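Single-structure report; data block below.
First chain written, first letter: the chains are A, B, C and D, and each begins at residue 1.
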Amino acid sequence: MSRKSRRSLKEKFSLKNSLVKEALSEFLGTFILIALGCGCVGQAVLSRGEHGGPMTVSVGFAMAVTIAVYVSGGVSGGHINPAVSLAMCVTGRLKWTKLPIYILAQFLGAFVGAAAVFGIYYNAFMEYSDGKLEVTGPNATAQIFATYPAPYLSLVNGFADQVMSTAVLLLAIFAIFDTKNNSVPKGLEPIAVGLLIIVLTCSLGMNSGCAMNPARDLGPRLFTAIAGWGMEVFTAGNNWWWVPIVAPLVGGVLGAMTYVIFIEIHHSDPQPGEENDVHAKYEMTNMA
Amino acid sequence: MSRKSRRSLKEKFSLKNSLVKEALSEFLGTFILIALGCGCVGQAVLSRGEHGGPMTVSVGFAMAVTIAVYVSGGVSGGHINPAVSLAMCVTGRLKWTKLPIYILAQFLGAFVGAAAVFGIYYNAFMEYSDGKLEVTGPNATAQIFATYPAPYLSLVNGFADQVMSTAVLLLAIFAIFDTKNNSVPKGLEPIAVGLLIIVLTCSLGMNSGCAMNPARDLGPRLFTAIAGWGMEVFTAGNNWWWVPIVAPLVGGVLGAMTYVIFIEIHHSDPQPGEENDVHAKYEMTNMA
Amino acid sequence: MSRKSRRSLKEKFSLKNSLVKEALSEFLGTFILIALGCGCVGQAVLSRGEHGGPMTVSVGFAMAVTIAVYVSGGVSGGHINPAVSLAMCVTGRLKWTKLPIYILAQFLGAFVGAAAVFGIYYNAFMEYSDGKLEVTGPNATAQIFATYPAPYLSLVNGFADQVMSTAVLLLAIFAIFDTKNNSVPKGLEPIAVGLLIIVLTCSLGMNSGCAMNPARDLGPRLFTAIAGWGMEVFTAGNNWWWVPIVAPLVGGVLGAMTYVIFIEIHHSDPQPGEENDVHAKYEMTNMA
Amino acid sequence: MSRKSRRSLKEKFSLKNSLVKEALSEFLGTFILIALGCGCVGQAVLSRGEHGGPMTVSVGFAMAVTIAVYVSGGVSGGHINPAVSLAMCVTGRLKWTKLPIYILAQFLGAFVGAAAVFGIYYNAFMEYSDGKLEVTGPNATAQIFATYPAPYLSLVNGFADQVMSTAVLLLAIFAIFDTKNNSVPKGLEPIAVGLLIIVLTCSLGMNSGCAMNPARDLGPRLFTAIAGWGMEVFTAGNNWWWVPIVAPLVGGVLGAMTYVIFIEIHHSDPQPGEENDVHAKYEMTNMA
């Protein structure tokens, strides 16, 4: 494609409308998140542990987030998660009018991402359970796409789990991007967010798989309902499906507000480089 | 939250007192360290290895440190560890008058973080051992919160272990933040500290779990004593509990002094970029 | 070697021809990719899992890519993959006239890299299967060098798998290097590409080992055909060998075009730092 | 320690002699490399796999290198390896007169580091094999300190293995620090070197443990000879001990020269930022 043809392409198809651009970006980002992230779960489950386990799922899913944020970060902020978008609205970082479009794009991206995982591993799914797509039992594969609670988990405990993990997610994201704190250098935030996902899935992943993202959970769940797993994906786990939708939205706002109240609100005004420098903190030698 | 409401919030609640700000920051940082870090141990233990093992605990705990330092680094230096705060005082990087407040905030954060782990995994704890909370034996869960010595470990060897690991921790932290050495770029120090924790837990974690942090150990231990594990958490391991408190304080100062004596004190005075540049070192071609 | 002798060396042998320089660079980069990358597979297979497994192969191969891009990135762009070079041509980032030379250098590098793995592990190969070099069965070692499909995989599914994984590879590479998006800081792109390889191998590695690179697959396959595994390396898996050559070329172009259409083409023109800053995105507070 | 007392300390003890400073730095760096690196092997072996395995050893040892380079990089270049120092001399990056002191400091650091591992795990060593310190057999522990060849390995293959792995090590180090290539940003080189060690140990670690460093191998081997393992540490593996000393020195020079000949010598002269920018490479759109 020559420079000239690129330019004319740009003239014809370039979107002037910022919101449509951002919707495309969130769609693509969430697609990648699910295609790669749920792909990691799929590889571990479908190979019965031979090609993956807790570590590949945790690190793989985390790096899926990193890549998804690199793809969509510069255009739409790389939310790829309605709980993040909502928290951004509540704290005045995203216009409320954009919220429905962001969320819709995220759900669509997650749905199509789930379809991609099913397509790429179609032969493996058929082989795994002789063509039966099951939600529970030893040959269950529905947990590749959406999250389900551990047998021991009560709804109350599960709800608290999702509130807390999403709260920590947002609290840490706010820290990572807070230039008055010890923020990550520009262009490396997606990697720091990936490291955050590693610890969240290693520490809070056992109860219910740590969805922390309504689009990540409902999009693929809808796909499985349609693709052959049936309505059991909604009834399983004592009708678990609504928890990873409602709890992350609550938790995200809670975590963002916690960061604002504990840290952000107390930042001294604009004299930059004065109090908020961890390097400086370690080098203060003029005392005692 | 509109810009205006944010401003009025800031006017009402913003703390003018730097020490209170810093205490909040250390509290929140240590809370995250324990909630996520001990969460990783919990996930590995409570799932009996199915959702975690040595690698998820090592990497997960390390990334918990990274996130905790991102959250608290810009405000209070991100010590989240009395051994670090003490070493900072001894080397003139923190005012001695601030030390008690820092340590208190760290202990409280660790205590509340332990409570969060217990709460989030409450159902799992009950399932794991039929409601009994045990300190020793095959169904022990106390080691999720505080550290206990391996059966073979003598108190002398255990004390030396904690002195040395904390010494290396502080020595390396001083190197990471020493701008006259090959220091990590601003905003990436928390990641370097995380990598340091990975190697420390992989190499010195077997004797007693590598606490290296009095608040990380005593805070959760106190919580378990109250929450149902009982006073055995203090008597177990030949009254082990005081070792991960005293030894890290000694080791931290020792490590910091070692760095100062071996490296820092010999830095040539202010001509920056002259001798202390690893890049330059590799490119010196004007010789022989 | 003194400065003077270096200078005279430079005068005598320094290449003025940019294309020859770039060919040397791609050769060396792809050599390292295969020597280290296939070395990781070799270590896991030849030790029958004792010195490696899914995680060491995934992380090890990814870091082999990182190192190979560091070695060749500054001179030739560090493609080390014909699918990357083709996508660069199609999107006007590489001259079409250079393409054949790049691809040739990549194939040669991969071939020699495979020979290095065989040489270094010669004793281990002989020990592993009593001197027999097998393509299939429990003592197969051909999969150390080239990729083979899982038994369940159809050609159609396998082709789609390679198209999609290479598409995501290129799409993400374009994002990582797009300075109008949230691009990785200069000098750290090779690490971000490594993280991308980790998630791709953890999520899309189960069907056929995720070659995504015609040179990486055909070069070592040719080597094995000659070195003693015989022509079965081409017939195995229903004549699988052409899939990891054709599909990645298609997928790479597809992924690059997807990025251009979804993201790049909509970037607003040159006012830098205005809309395309993920940091700014998170800090926009002037609204609502 | 007040600012004033620090200053007087500095006046009294600060070393004016650059070489003594550098020797201290190399000693401390190599001490940390061995104390933490061999500590990782120790934890995996002494816990019989319960607290470590191939992944913790590979990642842990790599991060030990990273930390050791952070500690010593700014003062002495962070060689911590005679093969690196020799290659630096051969390519005119280190004065030949400094070489003996560097190497001596590295050996001493490695010896003391091995003593630290033995001390910290003294109880564990005694428990592991009932107080017997064995070089071979199921209860062997000598391989925690120095490297030994796999049973299948011939001396010729082993020598080639150490030449090649050290050659790749140096080649990649030269790329990482070459500012005319796509070099790692200042302050992050130690992390890139760590990633390099990960892939080297995952891909070339099976034959003989991938020493690549005469000080790393001989220092601890001497320690074990004295500490109770006896002279068998030298005779084992067909008198293997000299291979990880001689081969890395040869390989290091070979790798450095390869980089110079394939890449460095062809860099165009000083117009910086023109040809040697991987970012620019990916964005060249003015063609075709």
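The rule is short, and it goes like this: contacts are C-beta pairs under 8 Å (C-beta built on N, C-alpha and C of every residue); 3 or more make two chains touch, one makes a residue touch a chain.
Predicted model, so just to flag it, every value in this text is computed and none were measured.
Novice: From the centre of chain A, which chain's CA centre is farthest?
Specialist: Comparing chain centres, D lies farthest from chain A.
Novice: Please decide if copies chain A and chain B contact each other with the same set of residue positions, more than half shared, or with different positions, and reply same or different.
Specialist: Comparing the two copies, chain A and chain B contact each other through largely different residue numbers, since under half are shared.
Novice: Using just the Cα atoms, superpose chain C onto chain D and tell me the rotation angle to the nearest 5°.
Specialist: The best-fit rotation has an angle of 90 degrees.
Novice: Please tell me the distance, in whole Å, between the geometric centres of chain A and chain B computed from their C-alpha atoms.
Specialist: Using C-alpha averages as centres, the distance is 27 Å.
Novice: Averaged over CA atoms, how far is the centre of chain B from the centre of chain C? Could you give it in whole Å?
Specialist: Going by mean C-alpha positions, chain B sits 38 Å from chain C.
Novice: Quick check on chain C: which residues sit in contact with 2+ other chains?
Specialist: 1-3, 6, 55, 59, 91-92, 183, 185, 188, 285, 287-288, in rising order.
Novice: Which residues of chain C touch chain A in the complex?
Specialist: Within the complex, chain C touches chain A at residues 54-55, 58-59, 90-92, 150, 152-154, 157, 160-161, 164, 168, 171-172, 175-176, 178, 180-185, 188, 192, 195-196, 198-200, 202-207, 258-259, 261-263, 265-266, 275-279, 281-285, 287-288.
Novice: Spell out the residues on chain D that touch chain B in their complex, using ranges where they run on.
Specialist: 1-3, 6, 9-10, 13-15, 18, 21, 24-25, 27-28, 32, 35-40, 42-43, 46-47, 50-53, 55-57, 59-61, 63-64, 66-67, 69-78, 88-89, 91-96, 116, 119-124, 126-127, 173-174, 177, 179, 183, 185-191, 194
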